[in-house]
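These are the structures, in structure tokens.
Two complexes follow with subunit A in common, the first pairing it with subunit B and the second with subunit C.
Here is the complex of A and B:
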């Protein structure tokens, strides 16, 4: 009979806390930059010049059709042969930004394309420039429409950051693995990590649901 | 609405618990089923690796087959990594772990060991141009190591706090990190380093510091004394007949030497 001993895992709480903070920081940075990249790419695909739209389309297809861990390994183990050496944390953030950017691009584009034509024409008839129409007339309601989907994608990227421990980025699952390799309390360590991820995901979802209407798309 | 995942998780946890309750009868189970599950490495030449015929081979694999042959049962090889070999034993996915397993006090708390069957040592390796004369010289340098391996635990004690230790999931990732230049120093088993230096002569890597002389033992689940004593008999007989020495010569190029019981 296995007796669960959470004490052995919880005694390592400074490591778990470091991991929790690191995962939160990784997610925060890549969510902000990734969503910005996604909006830019959505603009390029729907509103941008043709060649740029094609480049972005290629980027989106490439990223959405390859596994995240392969993208991460490419950046960390592959780039050094081209002379670019990234720290595990930098490679993780970059991989998460590139990954989220591609998915967010398609999510935001769906919202942008759903804008009624009349609304855009109304903007032009008020003598707004093309840039003003996109940022003031099209984008806010588009983001408001797709915000739940975008929130889900950010949570998925946050959970996906668990594999960043594979390249020694010191995030939550890295420390959970480290703790279980020290005291062999694998079951307990992963239960604790699971609960922490769950709390992070629920918290992040609530935060985005609260912050979106207030700060991102007005109302 | 947000509570549902919590309930699902609690149910999943409860469902897993009864699996753990089992009597200590590994040897009987092996003899009745005429088959023994042995965990071997597949990323650790020359102890265990996948040959060009895609079959596992190496010293540990030969040792597993030797034990199977002496017990008169079929051997079912289970591939494991450094990080998951002990959980495989704890969760009964394998009867024995023959996977360059070193013995230490932390591990003895959770599993039991048979007599040693092959020699092994861990060391620090780095480029010739990098001055590393003692463990204190590791300060300010990035050191790659495989998480949960003996060298990880020993290095954590020996290296100064200023050393930047990066822990990777398995030996392949650790070696890749060193070969691609992501870490300046690598702490690993002699066999892994030997294999790496042979394939990448451009690195100019060399042996720097000895971390630990740690012969390999076979791991059995805690309290499986019948199985452990039986395997010890097999090892003692193989030592006496020279089979252990022959294995060591075949894969490591030197005799097994004096192995602790």
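Here is the complex of A and C:
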């Protein structure tokens, strides 16, 4: 006979709340920096000098073809032997930024490459500099074109951050684990955490859908 | 203390990589079959199938794979089953894969022009015949590149099975690290092996995609 006891898990709500906030903060920081990195990489690949474009291409391929957990372990366990010691939270943010940066680069590049040539030429004919053409003419419509894909990717990175609990970064899955180690209600603890992740994913998706046209690529 | 040469590390990782490949294969084949069943249920408009499958997809795509693995592992134990890491990981990854594949394939079926459905219906083909002879072949052509691309996601997903004690590439990396105290080298080798597994598949998927678009 299976008896479930969610009360024992929900009684630990302050821990769950801390985890929820920590995951949200982790995701917010990584999303902002990661998308910025992605835009920079997209610029480098489509508009930048050839050697830089090749370096960025290698970075993108390397990250997209290895698991996030291995990237995280490499940063957290591997880097100290080079003398770089990171806190679990710092390693998590760094791993998420590097990961999102690579995926965002590919997504944004697709948008950038879809820009009609005439628009770029029109920008130059108005005496805009190369940098101005990219940031004012090419980028905003490019972001607006790929915003749904970018939104999905940010949500994927948020869900991926559950792995960060494995290096003792104190986020939602870490606290779920802590709770189940206190009251041995593993299944219930993970069900509650999973539902919280689901709510975060739905909420984040709505937030980005709302915020994108208002603040990111304007009007 | 035992000395590990680089070759010892790589050799042991290669041995463990077999299980990454095996688990990926199980998840991909199992997920493909379940995904196909869900797809047919949706196309055949079984009562409740549209909402049911929609919810299924949303839940699996909206929650961390890590949590799904934990739930499979602890949930099955709760039912009184003797769970091995193999079974829990296989089950969780199969369900996860099926949710993604059924959604990818639905997009492919939707991409077949509506006229094809109407034309085949006007030839008095049954739903089974429509799918087998008219819609299926056309959808399949579009479906191959993204399906191959998703295989890379599955292989990377199996890395999480290490967390519930399934010994594959990542877990072997952790164990070797604990024995050798060379995390930098070991995790670099682990990453390299994943790259060697995944990159050819990514490149293949891209080439298929280009070929498909050239054909149209």
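The rule we apply is simple: the second predicted complex is superposed on the first by the 219 of 219 C-alpha atoms of A that agree within 3 Å, B and C clash if a C-alpha of one lies under 4 Å from a C-alpha of the other, contacts with A are read in each partner's own complex, and residues count from 1 in each chain.
Basically, a residue touches a chain if its C-beta (ideal position, glycine included) is under 8 Å from a C-beta of that chain, and two chains touch if they have at least 3 such contacts.
As the structure is a prediction and not an experimental result, all values here were calculated from the model.
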Which partner reaches more residues of subunit A (counting touched residues only), subunit B or subunit C:
C
With the two complexes superposed on chain A, say which partner A:198 touches: subunit B (first), subunit C (second), both, or neither.
both
Once chain A of both complexes is superposed, is A:186 in touch with subunit B (first), subunit C (second), both, or neither?
both
Return first, second, both or neither, reflecting whether A:85 touches subunit B, subunit C, both chains, or no partner chain.
first
After lining up the shared chain so the two structures overlap, which partner does A:210 touch, if you call subunit B first and subunit C second: first, second, both or neither?
neither
Have a look at where A:6 lands relative to subunit B and subunit C in the superposition and call it first, second, both or neither.
neither
Report for A:166: first if it touches subunit B alone, second if subunit C alone, otherwise both or neither.
both
Is A:61 contacted by the first partner subunit B, the second partner subunit C, both or neither?
second
Who does A:77 touch here: subunit B (first), subunit C (second), both, or neither?
both
A:124 in the overlay: touching subunit B, subunit C, both, or neither? Say first, second, both or neither.
neither
Residues on subunit A lying within both footprints (that of subunit B and that of subunit C)
2, 77-78, 80-81, 166, 180, 186-187, 191, 194, 198, 202
Quick one: which bits of subunit A touch subunit B in the complex? Just the residue numbers, please.
1-2, 76-78, 80-81, 85, 88, 165-168, 174, 177-178, 180-184, 186-187, 191, 194-195, 198, 202, 205-206
In the complex, go through subunit B and note every residue touching subunit A.
2, 5-6, 9, 13, 16-17, 20-21, 83, 86-87, 90, 106-107, 109-110, 144, 147-148, 152-153, 166-169, 173, 176-177, 180-182
Subunit A residues touching subunit C in their complex are 2, 61-62, 64-71, 73-74, 77-82, 155, 159-163, 166, 173, 176, 180, 186-187, 190-191, 193-194, 197-198, 201-202
Residue ranges of subunit C in contact with subunit A within the complex:
59, 62-68, 70-71, 74-75, 77-80, 152, 156-157, 159-160, 162-163, 170, 173-174, 177, 182-184, 186-188, 190-191, 194-195, 198-199, 202
